[in-house]
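Dumping the structure here so I can ask a few things about it.
Letters are used for the chains, namely A, B, C and D, taken in the order the chains are written, and counting of residues starts over at 1 for each.
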Amino acid sequence: MAKTTIPEEEFTYPGSTGCPGCGANLVMRYLLKALGERTIVSIPACCWAVMPGYWPSNCLKVPILYTAFEATGAAISGLRAALDIKGIKDVNIVGFAGDGGTVDIGLQAMSGAAERRTEAIYVMYDNEAYMNTGIQRSGSTPWGAWTTTTPVGTTHDFKHEAKKDIMAIMQAHRIPYAATVSIAHPEDFIKKIQKAKGIRGFKFIHAMSPCPPGWRLNPMLSVEAARLAVETHMFPLYEIEHGRVRITRKGKGLPVSEYLKLQGRFSHLSESEISEIQSAVDASWRYLEEEEKYAAQAGINE
Amino acid sequence: MTKSYEEIPLTPIADMPSTMNITGLWRVIRPVVDKKKCKKCTICWKFCPDAAIVLVEGVPEIDFRFCKGCGICSHECPSKCIVMVKEGSD
Amino acid sequence: MTGNYASAYGAKLSRAEVIAAYPITPQTSIVEKLAEFVSTGELNAKFVPVESEHSAMAACIAAETAGARTYTATSSHGLTLMHEVLMWASGARLPIVMTNVSRAMAPPWSVWVDHMDSIAQRDTGWLQFFCQSNQEVLDTIIMAYKICESKGVMLPAMIIEDAFILSHTSEPVDIPDQEMVDSFLPAYAPEFKIEVGKPMGFGSLVKPDQYMEFRYKAMLGMKAAHDRILRVEQEFKQVFGREHGGLLELYRCENAEVVLLTAGSVAATAKDVVDSMRSKGVPVGLARVRAFRPFPHDEIRALGSRVAGLGVLDRSYTFGAAGAMFSEVKASLYNCPKRPVTKNYIAGLGGRDITPKTIERVFEDIQLVTKRGEESEVEWVDVAGLPRWWR
Amino acid sequence: MIEVRFHGRGGQGVVVASEILAEAAFRMGFEVSAFPFFGVERRGAPVTAYARIDDKPIRMKSSIYEPDYVVVLDNSLLRGVDVLEGLKPQGRALINYPDGRKLEGLDQRFRYFVLDATSIAAAHGIGSQTAPIVNTAMMGGFVKMCDIISLDAMLESIRQNAPVKEEENVSAAKEAYERTKEVQP
């Protein structure tokens, strides 16, 4: 009998209305495998507000509290307050929002929840644009990407602004735990969620979530793209535990072009533009390594 | 089928498993598993976004009611025993 | 006790379990007082110090969905920031109770009273109660929980107190005995709540073929609130010996030729004016809209068919139309067999004082237009630059 | 008034097909309207779009329940979706169907036209080889099926509406026009 490398029990039903090859479906699947049944998920407007299906369909085996686009942080604070006053313990409360609902319209409420030390795990599934509305740029869309609001035309081409560094923003909130996770590395993903579950306070998870239609990516290559994001250091896997940075997967340091070339949203980029991305990625990676070294030397919160 | 206002809850509380959505109808390409070549690594199961693969003694059984035919299982299979074929062909 | 403390005591006596609020003038002392109650243990509740009013309401919605009785308070810009989630609260059928300290909207910046903020939320599916005294504020909060949490209603309520005129004015207020409140208002026990082990999605996506049935149900809830308000007030009276006038309070309307209809604290002042005019033999009366939602259409029809003139004083204005209360009143009267002459008075915006003298002039003006049978429309009262409007 | 319903899947250009037809009719002097059923369906999920054609201004904003024509861009929809629902007696259905396979078991009250739009689109390099975009080829076939739209008007509409590869789309539509045939299921 073959042994699976991640928990076998499923907390998601088939029949979600996500697109074929949707990364966000895997993010939810792994998240709930790690957390189990005693979990309540709050979901704002985003793909995942639609993916459970039209009423009365629910593709999760745990309760969902839908909330307004910008309100996830507030909703999880309210849920926790209610459970506390009712004396209900051992429930994982999860805020589960997209990148737009986190780094843009939901940033204020999330920042508030983090500052209030709300006992919850906030998961941002990052598909790097407003995908539910049909691929518009968000603060989390990377430099160089095509979206429908950064069209490649004659006077204006692609997104010229950098992706917001949400992990740094959360680091600055001095939360006890923040980590990046990838659907290409479910074992690491689940380990981090389980770790977050054991730490008190507000925990933040940044989940890379490939979107085949939005990235102009063959659905078959969804996991492959997530894997290459890690291997090229476009999306490094690391965690920040009580301020201490630790890289959890070094990656091969492949050229970023390996990652970019899979995706139509980057197909317009010139050689020099790709090397600009490469330099930025290299610099971020070096910075991350320095942070890790510094944390080890300084023995922050060991 | 529209339900009478008397038969629905106060607010839309969704309490039916999403298996009511036969999303397998979306499929345009279909995974075909060569079970003889399968090494029971369970990787295809692990990466199925729709949890539409069931392991039977470690071998994938695809639930075609829900498989959307994304092809991730086929791409990720290290022993290349899952191929995608056009839906409707044999 | 100030109106704000009356609100805080109302929430405390109702045993609100989760309070999420954000400061705004002139509401702040409500949440300060509640934070104090929680910190001293006088109130066993969770106080969520949110970072905006939008989050305050969103947190209340989440907590209420999990079965907790919730309370919040806000004012003007805070209320209008909540607009989106106010709709959410009613659509989710959550009996949240909130105090709104009614204050003018900017610009021009103003921290003073008018009803523009509250009136702008009239379509959000909330019950709306305008109060005239601090006692009424306290009592209405307790009653509102009982009304809203009843199975046939399940909608949120907004208790409206006028900025400064109630919020910061000290009046004697009887604080009911906690045990009596407890027996009057049992613990919140909703039919459905979000809880582990029950994998249900609250507030899910509904197709056009089913959406209207949910809206129809919410409408039925608001409709049921009408009778529920009356019944709960009778029960309240039996226990506490006080009542506040149902949906439409009538003051000396018997044999009145003309009646002024208004809402909020100005109604209290107007009662004095009615007394003084009545003592001179002038047959005037006052009608106070206590519940703006649900709107007391039947009560207004009954009143309208027995008076000759009905003035409506709105402390807000709906651009492109008239005062919102005036429009509703006229709609109520349309199918009365015998209709009074009506006129709308817009007064007291941005905290402008509405004095007894002003109210007396309004009464005299209604009498005049009634005598002449003029169906005149909207009068902006005491606006510098306009010609003298009174006789 | 002539009413047309389109069936396809998210991502196949179903809505664009309805717009191409409407513009072709408009070019011939008809009044038109084209509209999708705008749901939240995802890539691959069944979607519908509609078009109306008339010789007087179209004010009707309600949906279409009894179409004169249906266009099925993806024959896999024949299992699972009732693509013929409400079709008027003697109404016509255009189905993207592979050559050499027989269309069977369909309601005899209607007339059926078939066309291997997938192969034609692939041969003309429209979309990818695994997922060719068939909407323009189908509109070539529509001209053959109906008695109202001229091939020239349709080709010009395709030229104006194709986001890329205008001429490839036009020649695919031409070939599709030639190869569309009525069948007896």
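Throughout what follows, a contact is a pair of C-beta atoms (placed from the backbone, for glycine too) under 8 Å apart; a residue touches a chain by one contact, two chains touch by 3 or more.
Every value quoted in this text rests on a predicted model; they were computed, and no experiment measured them.
Colleague: Using mean Cα positions, find the chain sitting nearest the overall protein centre.
Modeller: Smallest offset from the overall C-alpha mean is found for A.
Colleague: Could you let me know which interface, A-D or A-B, is made of more C-beta pairs in contact?
Modeller: If we tally the C-beta pairs in contact for A-B and A-D, the bigger total goes to A-B.
Colleague: Could you put a whole-Å number on the gap between the CA centroids of chain C and chain D?
Modeller: Using C-alpha averages as centres, the distance is 56 Å.
Colleague: Just curious, how far off is chain B from chain A if you go by their C-alpha centres, in Å?
Modeller: So the centroids are 24 Å from each other.
Colleague: Starting from the mean Cα coordinates of chain A and chain D, work out the distance between those two points in Å.
Modeller: Taking the mean C-alpha position of each chain, the two centres sit 40 Å apart.
Colleague: From the mean C-alpha coordinate of chain A to that of chain C, what's the distance rounded to whole Å?
Modeller: Taking the mean C-alpha position of each chain, the two centres sit 43 Å apart.
Colleague: Please list all residues of chain A that touch 2 or more other chains.
Modeller: In chain A, residues 17-20, 22, 50, 52-53, 55-58, 64, 212, 219 touch at least two other chains, as defined above.
Colleague: In chain C, which residues are in touch with two or more of the other chains?
Modeller: 198-207, 210
Colleague: Where does chain B touch two or more other chains at once, residue-wise?
Modeller: 12-15, 22-23, 26-27, 68-69
Colleague: Under the stated touch criterion, can you name all the chain pairs that qualify?
Modeller: Chains touch in the following pairs: A-B, A-C, A-D, B-C, B-D.
Colleague: Spell out the residues on chain A that touch chain B in their complex, using ranges where they run on.
Modeller: Residue positions touching the partner: 1-6, 8, 10, 12-23, 25-26, 29, 52-53, 55-59, 64, 183, 186, 212, 218-224.
Colleague: Help me check something: in the complex, which residues belonging to chain A touch chain C?
Modeller: It is residues 37-40, 42, 49-50, 52-58, 60-68, 70-71, 73-79, 81-86, 88, 91, 108-109, 111-112, 115-116 of chain A that touch chain C.
Colleague: Considering the complex alone, what residue numbers of chain B touch chain D?
Modeller: Spelled out, the residues of chain B in touch with chain D are 22-23, 25-29, 68-69, 87-88.
Colleague: How about chain B: which of its residues touch chain C in the complex?
Modeller: 1-5, 8-15
Colleague: Contact residues on chain B for chain A in the complex?
Modeller: It is residues 12-23, 26-27, 40-42, 45-47, 49-52, 55, 57-58, 63, 65-66, 68-72, 74-76, 84 of chain B that touch chain A.
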